[in-house]
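Below, chain A partners chain B and then partners chain C, in two separate complexes.
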Partner chain A sequence: MATTSTQYDQLQRQASNLSPADRLPLDSPYEISNELYDALRKVLHDVGGQPDTPVPFTEKGEEDWEMNTYLTCECLGWRGVWNSEERRRRENDLGATQYFGLPYYARWITVAAKALVDRGLITTDELGQKIDEVRTRLERKRS
Partner chain B sequence: MSTTHSHAPLEESPLTEFEVLELAVRELAIEKGLFSADDHRRFSEWAEARTYTVGSRMTARSWLDPAFKERLLSNGTETSKEVGVDWLQPTGQGTPSDYTFFYVLENTPKVHNVIVCTLCSCYPRPVLGMSPDWYRTPNYRRRMVRWPRQVLAEFGLHLPPDVEVRVHDSNQKSRFMVMPMRPEGTDGWNEDQLAAIVTRDCLIGVALPRADVTASQVPKQPKGRSGGKKR
Partner chain C sequence: MKTMTPRFQVGDRVTVRDATTMFHTRTQGFTRGQTGTVVEHRPAWIVPEDEAFGIMENGRYTPFYVVRFKQTDLWPDYTGFEVDTLETECSEMWLEPAGKGKK
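Up next, the complex of A and B:
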């Protein structure tokens, strides 16, 4: 029986999940080896050379929110609120779960919001209210 | 690649949290005077006009004009102006993410170049436009620097063992573009004809130009397989 592309995709997903799981319990141990200390200090974004399984390299144009995220982050840089080094550093500092778990531009816009809050340029209350307001407005527009 | 960013009717796409967050951040930033709506519009016009065809033009002209090629290889940033790209635009100080040194990497019969950004997603936007989605994936970043021949083969590019593969890791200070070799079957072609066969992938280094393949034959990108949706 020929393999359909759906079956191939499923196989691909399964294969990606087959990396050996060898996890050390990390519970603030009393002492650790020098090797583990080195490993723990490895920065998460420095992925060059890590083994991984082949995946399809798909083409996908920027969606509107993605292009707008790029533009908003660049405008914040242009007008001196932050620079691109800070944006990248903040993305790295999201931690591995969010760094690898969020879509590419979702990392950007997440850290842009955090940067404005951290600088005191907006408050979390203002952000929350604006998010509610925008969501209501867009939902009404699309219903 | 999508060089013109199309605006789909709103009803077509479901609302995503990221879209809401982006608009919220943008509106707050404008209300607080951090930047203006006009800044956003101006940057948008600049960004949406960026296209890899600038890189195609540079390559085609280099094939025809050895003096231009020499200038381009020795000072990519300055020579970009000859094809209409000033790396100081659109702000007068460059883009926040891209103002940097631009280097063109010449392929030879014995050396093939390819670009990656292992630490994030650096890419020469002023001359190639927005990077393809796969270029920014951890998978491409992980593997290209260590198993370039295998990754290139997945793109359909099989290089003979006697061709050295040089992988260039882009960063905040250095952006790269690959200048492929002029393919056979293009004798007597003019600059426009030559530029038409230099696709985006050729300029990244994951493909080689062929006389019978033009950029317009590259399949259009499907819009939004949606990294934005919650899955």
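Up next, the complex of A and C:
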């Protein structure tokens, strides 16, 4: 996807809209405290004891892409490419904004792609080309 | 599945180490430094912190334990019953005999 400076501004605004209005801006500071380093290193999925508000319970069936993602990830495990612990670690490594910003299975498929790239099983340009191919096919189907 | 001789027996009092972790762990923050009782042995498996980086069959194995904590120990403002407990799984490297480490 081509990113013009206007689009970049929009993307940045979308991401910053997700952050609290009153916050300590971090812009690669020269020094941070050990306490802040501990906090920044926190494993994101370790939420036990963290204060939170009630979440409404909704019945949501799995969509095709979600089940396909699940099966793809399981098959990658079956064929010895990775394991579920590595998947969880990679999800945490996305960082808070993407971890909490992406739908559950979008997190899975994002880190699965990164694992395949890391292991040299696919290249980012092959992946990009495939995404473009699928996008074109779907757009043609819709029009 | 590998058979390993576990260091702790069912009934032993153990304290979860409050150690620095780099990059990833499965040991929940709320159990760190807390003391509980071993209630079950679980099959030995890869050290989770190694497994998280893609180490599989050839990696270091460790015994796992189910440890039972009193809820009133874990949460200072717990409002439930005194007898309430919480069980979670810990790998051996995270446990030490109760009373050994700094609490």
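Everything that follows uses one rule, which is that the second predicted complex is superposed on the first by the 102 of 143 C-alpha atoms of A that agree within 3 Å, B and C clash if a C-alpha of one lies under 4 Å from a C-alpha of the other, contacts with A are read in each partner's own complex, and residues count from 1 in each chain.
Here is the rule we use: a residue touches a chain if its C-beta (ideal position, glycine included) is under 8 Å from a C-beta of that chain, and two chains touch if they have at least 3 such contacts.
If you're wondering where the values come from, they're calculated on a predicted model, not measured in any experiment.
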Chain C versus chain B on the shared chain A, clash or fit after superposition: fit
First, second, both or neither for A:117, with chain B first and chain C second: neither
Partner chain(s) touched by A:89 [first = chain B, second = chain C, both, neither]: second
Which superposed partner A:48 touches (first chain B, second chain C, both, neither): both
Winner by number of chain A residues touched, once chain B and chain C are compared: B
Least C-alpha distance (whole Å) that remains between chain C and chain B when both complexes are overlaid: 6
Residues of chain A that lie at the interface with chain B and also at the interface with chain C: 46, 48-49, 83, 85, 88
Chain A residues touching chain C - in the complex, by the definition given at the top: 41-43, 46, 48-49, 80, 82-83, 85-86, 88-89, 92-93
Interface residues, chain B side, partner chain A - complex: 1-2, 5-8, 10-11, 13, 15-16, 18-29, 32, 34-35, 39-40, 43-44, 47-48, 91, 95-97, 116, 118-121, 130, 132-134, 136-146, 150-151, 154-155, 169, 172, 219, 221-228
Interface residues, chain A side, partner chain B - complex: 45-52, 54-55, 57-79, 81, 83-85, 88, 91, 100, 103-106, 109-110, 112-113, 116, 121-122, 126-127, 130-131, 133-135, 138-139, 141-142
Touch list for chain C against partner chain A, complex: 21-26, 28-30, 46, 48, 51-54, 56, 74-75
